[in-house]
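Here chain A shows up in two complexes: once beside chain B, once beside chain C.
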Partner chain A sequence: MKRLFAVALGILTAIGGFVDIGDIVANTETGARFGMSLAWVVVVGVVGICLFAEMAGRVATVSKRATFDLVRERLGARVALVNLVASLFITFLTLAAEIGGVALAIELATSVNYLLWVPIVAFCVWLVIWRVKFDLMENVFGLLGLALVVTAVALWRLDPDWGGLLHGATHPAVPQGEGHPSWWYFAIALLGAAMTPYEVFFFSSGAVEEGWSRADLVTNRLNVYIGFPLGGLLSLSLMAGATLFLEPRGIQPGHLSQVALPTALTLGKLGLAVLLVGFFAATFGAALETGLSCGYTIAQYFGFQWGKFVRPADAPRFHLVALVSIVLGAGLVLTTLDPITVTEYSIVLSAAALPLTYFPILVVANDPDYMGDKVNSRFSNALGSVYLLLLLVVAVATIPLMVLTKAGS
Partner chain B sequence: MRRSWMALFLLLLGACTGPVRSTSVYESKAGATAETVASAVETARLAVQAAQDGDAYGRYLTQLLADAEKDADAAQGTFEGIQPPDRRADQLRDQLDELLGQATDTLTELRTLARRGRFAELAEPAAPLAGLAEELHAFAEAHA
Partner chain C sequence: MAGRVLEAGLQLLDRQLVDRDGRLAGKVDDLELELPEGGGPPVVTAILAGPGALARRIGGRLGAGLEALASRLREGDDGRPARVSFAVVKRIGSAVELSVPRAELETNRLEAWTRDHLIAHLPGAGDAPE
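Take a look at the complex of A and B:
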């Protein structure tokens, strides 16, 4: 019974924790502009994150070391440094976007300018990282993030033409008046949002934090293979809501307030209140994960003591990196750079850096010295290799498409 | 050798030249501006609808209207900063300016009422928004 509860809790937190500001922005913008024609990218992204998160979790469980910890040892300091710099930059940008996202969510509830909330949010993120236990932190924000299920409820309540939505999703075509480059650019943004590198750092480091053993490998698989796809459904709900409400009216959602419109108009005040809680939890939870991930990557590369499983006094450099990242992230948002714009750039640049994150995981997950009998199966390797090829193409295409489409504008 | 240096010089000279100011580029910028402002107007229409139906909290509606106004103001400001290259562009500018002015004035009025908590009074000033949105969409389509 206790094990069943642990599995259920893990799946629920995986669903609630799947969506962050990147998913919220990318899926709504895409739905409003291209309808459901890019829904297939969400599916590709979810399969990819399931594949590599499972690998990262397995590596951490079997070796008792987080993925990044092994990258330097397995690939050498120089290659790992390139990986570190790129990943850290993307994770930092994501952290700034999440802090901005929390502030924007509070702004919607209070109508007080988000910039005033940024320092308070940053302080709270740091305080939770410093004081709250890992599993409590993960469970509370993961479960609260489930409030985003309200977007799926709104869609169901709306009783749309399901056949039409499905047709749009299964017959991808560039809508009239839009160019192929923009369509592909948004496809990359969606992929970057679904496969953000920090998710893997956090997942594998979390496995070490929670002291997973081989007996937990089944839990790992269930969390990933059930929780993430259900989280992906929330992304698709956001896209469908935008397709039904915003696209026909030509609304280009550049604000969180516009993202909430489909739910508010369908479910009223209660739905809106639940959605705002969901926005807050999803972005705050992701801010914690990205803040911790900045600390994880640096500490694991340089071999510092890391983690929340030891007292902060025993891992001072890890906590210092997390603190400095949070302060700098808040500073970036306080320059008045629009948090939604920061989000847009963070997900697209993260798509460009994806091979740097996922290649080492595939290498380590195949190394019998670390994995023993738990190396990748042939199927995982074949699928992993196909994904790496895809991510390589995406990485090469991202910057030219960004320039060509003026960042999708 | 000399020819290759000359080619390189011309290439660099070309790179130093500023962006081409043609009517077609100006027209496409006008179309994009109309599209952005139409988006803001449509957002405001939904906000007013939500207020009338009691579907949203006052603070959320205020923020939604403030965001719509900000978008429209920003688009108008950017467009006004662009120099029309010829007479045809002047006409285009005059035509769009009128629509932009109406849109931003209405959005400002709606935001002001919302900030004062007078949500019941939003419907009246919002009445022209439907027609305005239609005109902006038509303009954007004609000058895409």
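Take a look at the complex of A and C:
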């Protein structure tokens, strides 16, 4: 019974934890511009994150070594340092975007300018990282994030032309008036949002934080294989909402309020209120995950003590890194740089950096020295290799496409 | 741990150091080797850990800058990289396990400094999260 509860809780928090500001922005913008024609990318992204998150969780559980620990061991001090700088920069940008996202969600609820909320949000993020136990933190924000299910409820209440949506999703074509480069650029943004590297940094470190043992491997698998695809459905319902409401009206969402439009118009005030709770929890939860991930990656590269399973005084440099990252992230948002723009750049650059994270995981998941009898199955390896090839192509194509499309505009 | 033949580059370098109490205590950033007098393969006498040792592996301008910084931070005595004698190595697996607490190691100096001068001043630093 206890095990069943743990599994159910893990799945629910994985659903709520899947969506962050990157997914919210990427799916809404794509739906508003390209309808459902890029829905297939969400499917590709979800399969990819399931595959590699399960691998990272399994490696961390069996070897007790989290992802960046292995990056250092497998790539050596020099190459891993380049990887660290790139990963840290992207995770930091994402942290800034999430802090901005939380502040925007509160602005929607209070009509008080988001910039005033940024310092308060940053302080609260730090306080939770400093004082709240890992599993409590994960459960509260994961479960609250489930409020985003309201986007799916809105869609269902609306009872749209399901056949039309499905047809758009299964017959991908570039809409008239849009160029191929922009279409592909948004495809990359969607993939980057679904597979952001910090998710595996956080997930693998979380397995160590929670002291997972081999008995938890089944839980790991169920959380990932059920929770993430259901989280992906939430992404798709944001995309479908934008396809139905924003695309026909020619609205290009530049603000969180437009993301909320489909739900607000369908379900009214109550729906909007629930959606705002969902926005808040999803972005705040992700701000915690990215803030911690800044600490995890640096500490795991240099070998410092990290984690919330010890007192802050026992992991001083880890907490110092998290604190400094949050302060700098809040500082970046306070420059009045648009948080939505920061989000767009963070997910596209994430996409370019994906092989850096996923290659070492695939290598170690095959090493019997670390994994014993829990090495990858042939199927995981075949699929993992296909994904790595795909991610390499994406990494090479990202920057030229960014220049060519002027970042998708 | 005497007498075992290791592929040092693969099985030792860049691995995590874990102390007697399971606390993380740095990385195997470099190794100190000694050639036995009677000939034969070099023997590992110490693990070098911390920014000073890491700087030499990274090399180039960045490495030189890091090394200058590390010697100012005085992690080891006389400005050399912090050293962990190979005599305290208990087991080598996915991490290198030591038989002493990390507080006794030179590699812990920067960690202790950060704790004493920065983190310990914040309220609740010494309490377990709730």
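Simple rule for what comes next: the second predicted complex is superposed on the first by the 409 of 409 C-alpha atoms of A that agree within 3 Å, B and C clash if a C-alpha of one lies under 4 Å from a C-alpha of the other, contacts with A are read in each partner's own complex, and residues count from 1 in each chain.
Simple rule for what comes next: contacts are C-beta pairs under 8 Å (C-beta built on N, C-alpha and C of every residue); 3 or more make two chains touch, one makes a residue touch a chain.
Predicted model only: the values in this text are computed from it and were never measured.
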Room on chain A for both chain B and chain C (clash or fit): fit
Partner chain(s) touched by A:L261 [first = chain B, second = chain C, both, neither]: first
First, second, both or neither for A:F134, with chain B first and chain C second: second
Which superposed partner A:L272 touches (first chain B, second chain C, both, neither): first
Partner with the higher number of touched chain A residues, chain C or chain B: C
Which of chain B and chain C A:G372 touches, first, second, both or neither: neither
First (chain B), second (chain C), both or neither touched by A:L108: first
First, second, both or neither for A:R72, with chain B first and chain C second: second
Three-chain overlay, vertex chain A: chain B-chain C angle, C-alpha, nearest 10 degrees: 130
First (chain B), second (chain C), both or neither touched by A:L320: second
Which of chain B and chain C A:G250 touches, first, second, both or neither: first
Distance in angstrom between the closest Cα atoms of chain C and chain B, superposition on A: 32
Residues on chain A lying within both footprints (that of chain B and that of chain C): none
Residues on chain C engaged by chain A in the complex (per definition of touch): 13-17, 23-27, 29, 49, 51, 54, 57-59, 94-95, 110-111, 114-115, 118-120, 122, 124-130
Of chain B, residues touching chain A in the complex: 35-36, 38-39, 42-43, 45-46, 49-50, 53-57, 59-60, 62-64, 66-67, 71, 133, 137, 140, 144
Complex contacts: residues of chain A adjacent to chain C: 63-65, 69, 72-73, 76-78, 80-81, 130-134, 136, 299, 302-306, 308, 310-314, 316-317, 319-320, 369-370
Interface residues, chain A side, partner chain B - complex: 107-111, 177, 245, 249-252, 254-255, 257-258, 260-261, 264-265, 268-269, 272-273, 276
